[in-house]
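Look for chain A in each of the two complexes below; its partner is chain B in the first and chain C in the second.
After this line comes the complex of A and B, so read on.
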């Protein structure tokens, strides 16, 4: 990492860490949500922005982790750390299954296949009532006692987010990350150069699912509750929209997109019940005037100024 | 004649009823430069794809370096030392020239699986990339983004990518397609100055260009081998002139 990038990262994290000093307890909760969904959106960006494959199944992978963490604490009585690990592991395994089936496809087939796989997970969570509680979901005191205070939980999530973001950043810039970008640009050329393209996509999908699983486990601790809506298609779509709003392939844009959408949802919903319509209009505006996303647009403007 | 590096035994490729390649047998000795020529629809590109692994043969056998490779997928053939270029430029357009070369180089090294490693080239990779770029005459363009380069430069990068893996056999699919005369002679010069150890098999539509580059020529017509001769003989061969130009109507 260059000195300048490290400096920016430190400033951003420090600014985020000082937020609880100026925000209300409710707003700190929203900020926590932004971080958690930012990780989810970033995990989708690994595939969409770098491997050129948009997944509509990541909400399900995220939600499986949430389910496992809540179940493991509330029903199986596992300590928080063990429940957290179990959730991330379960999400990674689900991602491996998704990956095995999806890596030979691209474009709309990939989109539809991941969507269908996500729907299967949703169906299981809805119907397997002995375990998942069906439509009622499961409630449990997942969050460890030391983190019950909103601010201390926020700081913990922020520290976790910083570590995860650094890991994802290293991942997409690594020699392996370059192979994903190569696959995005030309699969046939990659094959002729000696790459086993499906294997690379499988590893990329699994890693992406692992990060989505971390977000899902954090969400379990944030919410202390899980229901089928956590694994529903709407969750996957929201993750994709956050990533698109921030900017596909920008990685950090995921947090900007998550902040924009969560803020919009909360601000607009205090004025009108039709906040989803406002969200829809906002999307259309972004797609028309800044299809490269918020961060993408800012980058382009900065580039033009420096030239 | 030295030992054969590539042997095709009665290779056929059929697409439903169309037998695009209809029983081709040929042998390329190690280190030879071989052109496969023929008019449109002769089956050159299909035969080429069968050798590179993009289209599996319907019947027949392909041997490379005394190993049967008939059914091997392209990435396994690449691991054995077969490298190819594409007729329609097939690069990584949003990446830099250097990243294109890095991907080409690491296809055969375990470093491609380094999940959290540093992105930079190491001291073994950098000189090989520089050498391949120099061989393709684009040594100064390492930092350019591919989609911002001229078409001619992209064709040169196409060759550089195929060279950087130090292949045993280089397959060139119409390396000069779509280039201006000046660019064509540049590409010809690049191919001519390649290391003589590399076996080169090239397809070229332009007979003059092809004949000036190779030791031996296979002329195909309607999916079969019409003649195999050295370039000087091909130039005078009446059958070759006939398939290229049609039968003379009057003497």
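After this line comes the complex of A and C, so read on.
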């Protein structure tokens, strides 16, 4: 990390940390949600931006973690830390299964396969009533008592997000991350260079699932509640949209995209219940005028200026 | 500190203290803020619209005034989705500073919000959410079922009624989720304990387009009657296909939502004769009910559904309770106590309703039959009344609560 990048990171985190001083308690809740969904979108970006494979199954991986954390605290009575670990572990395992099946495909086949796997998870959550509570979902006091206050929970999530973001940033810049980019750019060349492409993709998928699992576990603590809508396709799609809106392959764009979509959803829905239509139009506009996403566009503008 | 700076800070300080004292003096005059959560989009959007109508219909009649205070209604769309419901509830409580919440239709949205208000202490009223355990095994003090009912409350008497008709062998078909499990369980328990038999139970996913696989099997069972628990579009389809399969010679019993106006409004002869239990029957000849139905029809051009009726009565209940404490809804404890001890005197039911010790209303339950009105529209007319039915039917609450909640695996069926 260069000095300049570190400085920017510190400024961004400090600015984010001071948000609760100016925002209302409800808005702090929204900011927390932005961070959580930002992590989810970032985990999708690991695959989409760096390995060239867009997953429509990450909402399910995310949701499995949420389910496990809520179940472990509310039904099995585990302490929050253990439940958190169990959730992340479960998500990682699910990601491994998804990875095993999906890494040999690419393009729309990869998209469809992850979509189908996600639907299976959704179906299980919906029908396995004894464990998942079916349509009603499960509730419990998941969030530890010390974090009940909106602000303290926000700061905790922010700290977690900073660590996760740094880890992801290191991950995609590591020699291993470079091999993923190699696979994205030319799978056959990587293979002829002697790399085990499926293995690398499998590890990439598992790591991405691990990060999605962290987001899911945080979401469990945020909502104290989980139902099949958390693992539904809409969740995966939302994650992908956030990533695309922010900018594919930019990592930090995930947070910008999450903030943009959550803010839009909340502002527009006070005026009309057709906010999804507005979201759709906005999305089309972004795709036409800034296909590289918000952060991608900003980057391009900055580059042009410095030149 | 220069002069300008000084002026700025003093004005600010004055403004703050001034505003503070003004607020203190006028707290009573500030409006009562009621947050209404209703699914205006998503699978049950039509029901959600009728919920809003019910609330607005009531507020219009009282000129948007309760106990001398203006009422400000903040409506949020829960999108038939528990995550959205939770977020909107947060907004109503934390951003709009609502004194109370009312509404939600789907049990999962209501349960999510109930879990949230458990932490904030905001009074939350649920005239529609029927999940048994909210007034049974998992009670939350500030979640109150004004003018609502538990899912199994009405199917208990239906089981008894079926036995008296000589319907000994019954098969059930139901949507596969808690609301269905609980309604079927109520019927199954009373029926089997009275010597009847549940021949078979079918559970199908929500939004089933084609019922023929189930109807074919049902026809082969040769039962005395069939009980169906369906909501919304599923109910419409089941009733139509039931008739077109020629099953109408087997009596069809349904849950109250199955023959609700929101469903049979669009149906013809095929819904005639279906039996269902409920506390409200739009075809009742009770003058108070008849007047409510007439007024509602005049205003909205349709016979009121259970959704509109329940929200209307729920608002009436809250109104009565707020009046008793002189409009001081800010005192939550006193407010909740007041609601729990209030008896709803002049609801459209035409009789007094009060809570049992568990915060669930006790009703006179009608066994209703769908008949054709003079103008060709269909409605539910009471054919028999079970007075004073509580959520525990004739069971002792303590013993009843020891059995597990009704689920797909526990239907309270007594082993022969």
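Methods note: the second predicted complex is superposed on the first by the 307 of 307 C-alpha atoms of A that agree within 3 Å, B and C clash if a C-alpha of one lies under 4 Å from a C-alpha of the other, contacts with A are read in each partner's own complex, and residues count from 1 in each chain.
Going forward, a residue touches a chain if its C-beta (ideal position, glycine included) is under 8 Å from a C-beta of that chain, and two chains touch if they have at least 3 such contacts.
Given the structure is predicted, the values throughout are model-derived calculations rather than measurements.
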Which superposed partner A:225 touches (first chain B, second chain C, both, neither): second
Contacts of A:190 with chain B and chain C, given as first, second, both or neither: first
First, second, both or neither for A:136, with chain B first and chain C second: second
Which superposed partner A:179 touches (first chain B, second chain C, both, neither): first
First (chain B), second (chain C), both or neither touched by A:266: second
Which superposed partner A:170 touches (first chain B, second chain C, both, neither): first
Partner chain(s) touched by A:29 [first = chain B, second = chain C, both, neither]: second
Partner chain in contact with A:128 - chain B first, chain C second, else both or neither: neither
Contact footprint of chain B on chain A as seen in their complex: 167, 170-171, 173-179, 181-182, 184-186, 188-197, 200, 203, 207
Touching residues on chain B, where the partner in the complex is chain A: 52-54, 73-75, 78-79, 83-84, 86, 90-95, 99, 102-104, 106-108, 111-119, 161, 165
Chain C-touching residues of chain A, taken from the complex the two chains share: 24-27, 29, 33, 126-127, 129-130, 133-137, 139-140, 148, 223-225, 227, 229-230, 266, 269, 273-274, 276
Chain C to chain A touching residues, read off their complex: 40-41, 77, 79, 81-83, 86-87, 90-91, 93-95, 106-108, 111-112, 114-116, 119, 131, 176-178, 205-206, 407-409
